[in-house]
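In order of appearance the chains are A, B, C and D, and numbering begins at 1 in each one.
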Amino acid sequence: MTVGGENAVVDPSKAAPAGKPLVRASGVTKSYGGVQALVRADLELMGGEIHALLGENGAGKSTLVKVIAGREQADGGELEIAGGHADVSVVYQELTIVPALSVLDNVFLGHPTVKQLMRRRSLRPRARQYLDALGLEHVDLDRPAGELPLAERQLVEIVRATARECRTVILDEPTATLSDVEIERVFAAARRLRDDGCAVVWISHRLKEVFELADKVTVMRNGAHVSTDPASALTTDELVARMIGSRALQERERVARVHASGTGSARVRLERLALPGRFAPLDLELAAGEIVGITGQIGSGADWVTKTVAGLGRDRAGRVVVDGREVAKPGVREALAHGISYVSGDRAKDGVFLDVTVERNISSMVLGEVAPGGVLQRGKERSLGERLGRLMAIDRRRLGSRAGELSGGNQQKVSLAKSIAPGPKLLVLNEPTRGVDVGARAEIYDHLRKLADDGAAVLLFSTDLVEIIEACDRVVTMFRGRVVRTADVEGLDEQAILRDILHPQEEEVAA
Amino acid sequence: MNIAKLARDNRASLLRIALLLALVLYFSANRAGFLDTGNLFSLMQAFALLGLVAFGLSVTMIAGEFDLSVGAMVAVAGIIAIKAGGSGAAAGLAVAVAFGLGVGILNGLLTVGLGVSSLVVTVGTQIMLTGLAYGLAGGQTVSYENFQVAADVDQVIATIFSPRSLVAIAAGVLVWLLLRCTRLGRDIIATGSSREAAAAAGARTRTAVVVSFAISGTFAALAGALLAFSLLSAAPTTGGDLLLQAVSAAILGGVALAGGIGGMAGVAVGALTLTALNNGLSFIGASDAAISISNGLLLLAVVTISAGGPARLAELVRARIRRPATS
Amino acid sequence: MSPLQTRRPALADGGAAAAADTRVSEQQGFAAWLRERDMQTLAIRGAALVILLYACVAVDGFGTVDNVKSLLQSVALIGIAAVGTAFVTISGNYFMLSVGATTAVSTIVFAKALSLGLPLALVVTLGAGAIAGLVQGAAVGLLNTNPIVTTIAAASLILGVGQIVSGGLTVNADSTSADVLNNTIVDVLPVRVLIFFAVALVAHWVMQKTRFGREVRLTGSNREAAELAGLRVRRVIVLAFVLAATAAALSGALLAAEASQGNLRLGATFDFDVIAAVLVGGVLVTGGRGSIIDAAFGAVFIGMVGNILIVSGQPYELQLVAKGAIVILSIALAALASRRRR
Amino acid sequence: GSSDDSSGSSGGSDGGGAAAVQTSDDVSGKKVILLTVTPQCDYCARATRAFEETAKRAGLVVEKKITNYDAAEQADQVNQAIAQRPDAIAYWPADATASIPSLNRMKAARVPVIVTNSSPGERYSDLFNAFTGPNDTRLGELAAEGLIRGLEEKNGRAEGNIFVVGGQPGSPPAIQRLEGFERTLAERAPGIRIVGNQPGNWDQTQATTAADGLFTANAGKNIVGVYAQADNMAAGVIVSAKRKGLDPRRLVIVGGNCQPEGLRNIRSGEQYSSVLQSPLDDGRLAAEAVVNVLSGRDQEHNDYLPAEVIVRENLATCAEGVG
């Protein structure tokens, strides 16, 4: 029906009869400048099902979602939505919580039924109900949303999507910033929606979730539809093969893990390191060649350990020692001078320069090297960009694009490449593969491993336990600001780690 | 709600009010008569102009935009009011305000329609409006013959107010209500706080921007028209300093340049602070240099305090002191 | 091998090769060049060219060497100040609203200092400007104060000091010692214009090619990310303000040399002209994007439009209306052009 | 009136010289509030200073309120001044046209008012006790006289094309000077044609830009002279002429206000004439008028500054006036 221009939408007053799809997109195309984001995208959503939408970074998932929600105009193709764009609610991949508004106002922002003269009193109980359902009983309705931690903001966003009471609910990587407990709540919410007859689209790079949750799975590759199957008919390997296509599986063959713990010499020592109000004094040694994971729920302080080591905790106590030299005072530059490099957990906020080209992002932490004597050398910058781009599996042709034009996962790779550029002695990462697809994630782990093999130490905070187990040699688990235990990953399973960070036994909590 | 928490949550607002009180205290201690009704009337008259313009401008700032054209609007609206006021001041006022509304909407539409920074758009309209002012006035100061009108708009009400200052106060209250109690107001704040996020969430960001410019255009025009009737004349050069004063008032009042933050109560305090400073300095007959320098110091102090400057300064100093000890 | 082939993506890059995404069509030649540019700056340059050609043909007296010379002379001072201000803008700190005050007080400092000889007078004036910039930069960069209010405050302080120094009176300058600044080289290139070109080119080079310039841009693009990346954010901001204020002081010195006097009202109206030049030049107000040379173009563009209108005998009000309309038209053009591109 | 321009400086019956006012017990200790304009303009600063000195010598207590040519702010200052109950107000209107409501208020409050420098006009003369300051129409006439003399001297006859670089458009001095200037030319030298007029806003740089355009626009018309409404703007015109390769000495450039720039350029021959308008006289006359009004002495209602054409021969008069 439509080619270009407005996305034509079926009259919303005509409800979709049973058995008819709520949303049907076929042959949708969309390009940004020279980039064809959607080549031929098909998707059909039925009420009462959870439909996983999978694909590599840049496959076009988010773009398709935006077209369905009416946020972007397709260049061509057909789109039918039973209830119109207004019957589609979306949790976008990038946070769309408005920091200056209260939690209450955020929940009802853009809600179609809110009257021009707002009567907040009548909205409060409704908001409360939706928030409580996602485990946000403790969150004050009047608190500015910008003050909430990242995970809670993400949950509020999900609350907003459910509060709209649309028949199609699309969740674009809703769990990327959440830890397992919270993820369970989101699962429950998604199931409730399905049981109420909604079509739920679930986009995620965590394949485990998909098998747990989804009824149907659609895979996209290079902007086009690859396949749609019942989830039960697929295996992980099949899924991965479809997602990454010709690159197939041999690329996932990983460098064998060398357990370095106890073998290498201690490169980094944290001695009685503490940040008042965040985490209690802890001791930790990282050997050269070792990847140490650190994990915990919100409020565990685990993420603050990485930030503090990277120089961000201003009031820290204790010592950070790298190769026998103490990092005398807090501060990012000081940490960098001692060979500590940091990868932020919030790439849009402070992880990448969205306005700046990929190449210039990559060189941003080593300007001294690409500009000897203060004058930039184009060739040096270019070859640096190419080298690190290759390591991080960033499309070479995108080196000249503004980072903001890349898909979320590819932005994450840029963030990593940038921090690896200085050749750090200690690489500190905060949720390093948030939103990164399986293929690229494996590549990133490989690279972390190579970096470690070259003698660096790696400290990695993640709430993704699969990541901890896949990527790390040792893990530090934390609960309410204290270390629960430090253990070799080998022999640990997710259950064990989860137990640590949820219900630590009294005697296990370090004094 | 306990008072300590309330005080902690509103530290910045309390600081601002304290500053205003300190100024008032200083001037009245320095010279008897500062708080006399006659002088308070003069203070409120000054507020009538600055406050009104600042209220409007700060709505655009809260929406994450900026209206550089308010100063020129004050001038041109005054001229329009006088030219169109031949058959009666009310008609002149109406035409001028309608003009302000129209230009405001135009500013807003250009900004959202072109998807460019409103600073650039309003630099353009600012220059054009000034040209229009010169054109309409034919290079002259235009004057109004009906003396009664000036007496009316500036007549004393309740010893320190006048219709002009009451209009300004009413305008502030209206916007306060808009931002607090309406969906549009919420969308304006959301738009300023995070444009992309607000739009993605379905807030009417374009409407919000256009409305905020409509408000600032209307308020500036209203201020200009009332001023013209108060002075019985209007000149293309009016309002030259007003823009910077209004920005200062808004920022003193806690409106963030980045958008999303601030409210009319704060802006009122900000405008009153500037007004009290200028009124006070003029009251004690301060020298030219003293006026400039105290204005500068006050602004610098407020902006430093509101940036958490003293604490940062202490921190920087501590860091300096600590460094040699560790090496 | 044709250039087309050399730029093909290398697909045989081995195991960890970049994802081969066939959708990215690498654009060549003009299209690629176009994509790289900021449409606003292109639109401004294009519009400038069109207007220029039109004026040369249609406006009597416009296209003469003398007119172009005097046009550039009158643009030079705004241009120098705009080039300096662009550092502040690109660093993410909007504008320096103390440009006018700095220029005005600099005319007094220069006029007073000229008795020490030209070189010393320049050093003193630029030094005073640099100090003014240092103070503002320190407030914004170290104490995180709001740049707009900080520079409005600084303008008041600077003018206050200027009043104390001059008592509000005009300071006469012995202009003969500053004559070289008023000269014209081989009858075509006025020294002041030469200085403008030199300042613009050097500043442009600094912004594009030096580490400092890159740091300014990155800081303006995202200050928090810049801090996390270990860039010298504070130093960068302080320096941006120092450069801007020094440029404003240089404008003041040239102005005083030309006027043979210092006066608090000389150049006091520069603020808005400078802002208009920077904006029309396509520098992104929120920082990060834009180039120095385009701020200079912006100044020339606005000056040229004004000149054409005067030369063609238009009344003052029409000049203003036309100038404003052109500012808006140029950005509209740019916006439409970049929309078409998508 | 043409007789005013050469009348004595302190008007009134005692008609004495500069230091005629004696400290008399009837005014000393009385409070006068001076409402004045920007300290950033040289002329204003000098006039304000002269006022203060003269008033203090007479024993008056002076309080000063300054505005940067902001009529709105000045209206508030008038309210404040009335509240402060002075014995008299000396009022330099930021915009004479906008001063009527303020004059009404001061009159209603029964405060004696001396308007200085910018006259609201004859129509409103019952609203204030006296006006002292320049007669701007007369200043324009004298500028025209200078131009005519210069053309006769340099070219043998008073004819040809000239242009005008004016003050702030809309400001009374700019309007009135042009009026007087044009009228005199029409009467006495109809062969002189004004071919262009652009504002220089009392600013040298802007005057330069305006002249740049005017010289170019009229390149074919053989410009023989320029009227810049103040000497600093004339200095801008000279700069522009040099840029165009014109020798200012061969043009007849006339200015006004007797500013330091004018002194210098007339001496060097690059400017032909100026018009005497001494800021010192301006300030002093106002202060003397305050004293006269307060002590019940006679005070002429319109007390104009002495004005005359200044050329190289009588430059000394000008130098004295500037102080």
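Everything below uses one rule, namely that contacts are C-beta pairs under 8 Å (C-beta built on N, C-alpha and C of every residue); 3 or more make two chains touch, one makes a residue touch a chain.
Note that the structure is a prediction, hence the values are computed from the model and not measured.
Common neighbours of chain A and chain C (chains touching each): B. Under the touch definition stated at the top, chain C and chain D share these contacting partners: B.
At the far end from chain C, in terms of centres built from Cα atoms, lies A.
Comparing the chain pairs B-D and A-B, the larger number of C-beta pairs in contact belongs to B-D. Work out the mean CA point of chain B and of chain D, and you get 35 Å between them.
Taking the mean of the C-alpha atoms as each chain's centre, chain A and chain B sit 42 Å apart. Between chain B and chain C, the centres computed from C-alpha atoms are 29 Å apart. A separation of 72 Å divides the Cα centre of chain A from that of chain D.
Shared contact sites, meaning residues of chain D that touch two or more other chains, fall at 39, 169.
Touching of two or more other chains is recorded for residues 134, 139, 288-289, 291 of chain B.
Residues of chain A in contact with two or more other chains: none. Chain pairs recorded as touching, per the definition above, are A-B, A-C, B-C, B-D, C-D.
The touching residues of chain C, when paired with chain A in their complex, are 9-10, 13, 15-27, 31, 35-36, 209-212, 214-215, 217-218, 221-222, 224-232, 288-289, 341-342. On the chain A side of its complex with chain B, the touching residues are 71, 90, 92, 94-101, 105-106, 109-112, 114-118, 146, 160, 314, 326, 328-329. Residues 110, 114-117, 119-121, 123-135, 139, 244, 247-248, 251-252, 257, 288-293, 295-300, 302-304, 306-309, 312-313, 316 of chain B are the ones that touch chain C when the two sit in their complex. Interface residues of chain C, counted against chain D in their complex, comprise 60-62, 64, 66-67, 69-71, 73-74, 77, 104, 159, 163, 167-170, 172, 190, 255, 258-261, 263-269, 306-307, 309-313, 316. Of all residues in chain B, only 33, 36-39, 41-43, 45-46, 49, 134, 137, 139-143, 147, 150-151, 154, 227, 230-233, 235-238, 240-241, 278-279, 282-283, 285, 287-289, 291 touch chain D in the complex they form.
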